[in-house]
Amino acid sequence: MSSIAERMAAAGTGNAIELRGVSRMFGALRALTDITLSVRPGERRAVLGSNGAGKTTLLNCVTGDFPPTSGTVRFFGEDVTLLPPHERIRRGLRRTYQISLLFPRLTVRDNVYLACRGVSRSRFSLIRARASDPIMQSVADLISLVHLEDVTDRLVGELAHGQQRQLEIALALAGAPRFILFDEPAAGLSPNERRDLVAILTALPAHIGYIIIEHDMDVALRVVESVTMMHNGRIFKEGSPQEIEADPEVQQLYLGGGHG
Amino acid sequence: MALAETTRETPLGVGEAQRGGEFGRWVSRHALILLLGVFMMIFPAIANDFFLRQIAGWTMILGMIALSLMFLGGYGGMVSLAQMTVAGVAGYMIAVLGVSSLPKVSFFWPWWVAAPLAIVIAVAFGTLAGALSARTEGIYTIMITLALATSFFYLALQNWPIFNGFNGFTTIPAPHFFGVKWGDPVPLYYMILFFAALSYVVVLYVSRSPFGLALQGVRDNPRRMEAIGYNVTAHRIAAYAFAAVIAAIGGILLVWQNNQISPFSVDVAVVINLLVIAVVGGLGHPIGPFIGAFIYVMLRTFALDALVAVGLDGRRFQTLIGLGFLVIVLFSPDGVVGLWRRWVTRVGATNGRSGR
Amino acid sequence: MATIFDNEQRTETATGGDAFGRWIGRHPVWALIIAVAVIFVLWLVLAPWPAGFEQVFGKKLIFINALFNGITLGGLYFLVAAGFTLIFGLMRNVNLAHGSLYLFGGYMGYEATQWTGSWLFSYVIAFLSCAVVGVAMQFFIFRRMEGQDLRQTLVTLGLSIVFSDLMVWVWGGNAIQIDTPDYLDGPVGMPIVVFVKSNGEAFYLHYPAVRLVIFAAAVVIGVGMWLALNRTRIGVMIRAGVDDRDMLSVLGYRVQLLFVVVFAFGAGLAGMAGIVGGTFQSLSLGEDSHFLLASLVVVIVGGMGSIPGAAIGALIIALSEQIGTVYFQNYSTVLSFLIMVIVLALRPQGLLGRR
């Protein structure tokens, strides 16, 4: 792994993700309270916490799926708080979903193709892509990266759960991502598939940072260099994986008594 | 509900490009549609004017307008009832801007000014309908577009200065250029055939283009589309604009064929029948609307005699249409195209088994 | 904000005066504008118009008539749209056969008045016959395709085609009018001065009694629905179902009963509205789509699934139609169309609708 300083140099200045005082209400329910969080370019961070701690809501605020009720979100120095999701995606932000959100009536190839097109200029083109189009090469590369070559022309609705999870990741890697949010990518995967997932994550180019939400500590702590603990919609502790694992309070709360 | 059969063509047309040289294979894969094309080309030689106008002409025109509905519904998941109205707006504009029996209302501009302008206005209307319903989803689209369509019917009915109210417009001639009287049965037939075939091919082609694929993505999962960089609302509105072009051309042809247009060309029954045509034919493939239109036109033309022949009241044609529609919706949601596909799969499976 | 009367609104009525005062405090400009508008409308209605004013805007009688026609027509639209929006809110079923139910109810009511001579009794017949059709639709068809919104809607569309054709078969294409009963026939004097003769004698408005009575009945039904939804067990269940559809699964098998009851009630309401329509106007081929359109626009403007929304939407649309017919003859439908477009552009969920 390259050093953090190198990665920062590669990705430009400013923090990749910067949240200031972000809160999110659902009616009278407070899902996030005054979150302040910064992640450097190229940094890989896990967000941990029990169910209902507000982890997925945090991702939704970053991507704009649900905008925050108050506070600001910056992406590589730019204030994106009021931008719709697709504008943030075009700036290099990506995400995966906890429950696969795919296009079940299209083939695997078309799914990945859409993701590659989404961040290119010719989204509205009426002209079909030729086989020689460079985008077709990246589609094929992404499909083989997640080991779905055998099912390229199958409809996504017919795929097994594990394959859908893999495709979910391929969609997030399409285009030229600068930062990715993974929402429980290992959920429902077999041990083999988990190994593949860890391999894919660690093999990502150094300039791509990510935030990963994961219940499986084996996966989470192996692929990150920093950890944020959340509890009841607040940030409760930050540190390196070793510090967090060693922290008695954390152990008592999460790691000791069956996290989940 | 799976209104649209899943698209299972060669993905992205890659396969086709690679097989470009294998002309024979291509022909065999498209044998049915090519056969139909040849038949349509020589149809005027074997059919009389009645069949050219009342059967073939109506089928292709209604098929085109229903195709615009199918494009939105099948690929975009937006069942718009405003497409007949878009055609009606284009038809009315041809009458208002061009030539009719009403010198006080019509502008009498030449067809090559009136027709493009009519298309532009109709597309603007179709895009507006899209903009209004694109932010809502599913059944809301039906409600809003039906309300728009019905509003337009009442506007045309009550407004005399522009739409000439109840009476509408009559004796609107088809144009006359290149030395051809396009209003004559055979030239008119070929003109309609040209545009119907063109719109069919274009829709089929566009369905595998980035725009068409993205539309299918929007149908399957709008939220994910946002999350991979698409502006879903803009895409939907663009789809409405695209579909409106097809409907508008259909509307102009409709007027040139009938030489008249009135509020009853766009009333609720017509608007609903168009949906019936598209759904009965099938929203899964662009050929569906034409099949649906053919069934509808045949029923409309011959149901009276057929009903009387079996001892029923010939005037109950609409009941027959409604019941037929219900049967399709209840038992084969993907229409005749779906039935056909299932039959082909079953026959294929049986053959495979017996061959083994 | 509110779908069907949420709690917020109820607490506000509890401390009504207080909340009102606070609202004025928060929106002084709006409060002023609304106050001026209310005073102006009151002046338009109550005061005799000055000659110059009449020259510009036409006779006061015409305006007052359009206003009263609009308000009473609003009552009719509400009766039709309330059932439509209730069925939609609870079952996500856009019942495109709602207009057919309206027309069917009207025809059945007509038959009932012919046989029995009782106008009031005909409402019972219309309600029951439409409710039976509604129960049949829910029980035999929609129960089997729950959760498939679009397919249900297509089925209602097919049914509307068949119903409409069958009704033409039975009752023909000509307009039928239901006679106003003797005790409601003719106009009643209203304490509103329409004009003052040169000798100083005031001329008061005379307005058809039947329309006023029916409007009052619509208000009573509206308030009754409000009370039923807020004060009864079944009403609480319906409200909860509209707000949170997952809640419905908790009810288990009883949810079907709830659906059938609501469908029957909504259909029956449309049927009773048919008699009102047949008395106000007439029943004929095409009225089904007219009232389907009215329900659609009312519900789109007022907010899908909201009963107060249906009331406000009905009033707005009916007034705009009547005022439009008088003042912009050729474009009267454009007015309600424009209202719909503006609402959709600014508040796609409708005035009182909730996402």
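Labels for the chains are A, B and C, by order of writing; each one numbers its residues from 1.
Here, a residue touches a chain if its C-beta (ideal position, glycine included) is under 8 Å from a C-beta of that chain, and two chains touch if they have at least 3 such contacts.
Just so you know, these numbers come straight off a predicted model, no measurement behind them.
The greatest centre-to-centre distance from chain B, using averaged C-alpha positions, is reached by A.
Averaging Cα coordinates per chain and for the whole protein, the chain whose average falls nearest the overall one is B. One simple way to say how far apart two chains are is to compare their mean CA positions; for chain A and chain B this gives 43 Å.
With centres defined as mean CA coordinates, chain C is found 35 Å away from chain B.
Chain centres here are Cα means. That of chain A falls 49 Å from that of chain C.
For chain A in complex with chain B, the touching residues are 63, 65, 84-86, 89-90, 94-95, 97, 101-107, 109-110, 113-115, 117-119, 122-131, 136, 153, 155, 157, 171, 174-175.
Across the interface of their complex, chain A is touched by residues 4, 6-8, 11-14, 17-18, 205-206, 208-214, 216-217, 219-221, 223-232, 235, 238 of chain B. Interface residues of chain C facing chain B in the complex, by the touch rule stated above, are 92, 94, 96, 141, 148-151, 153-155, 157-162, 164-166, 169, 289, 292-293, 296-297, 299-300, 304, 329-334, 336-337, 340-341, 344-345, 348.
Considering their complex, residues 1, 3, 79, 128, 132-133, 135-136, 138-140, 142-144, 146-148, 150-151, 154-155, 158-162, 267-269, 272, 275-276, 279, 313, 315-319, 321-323, 325-326, 329-330, 333 of chain B touch chain C.
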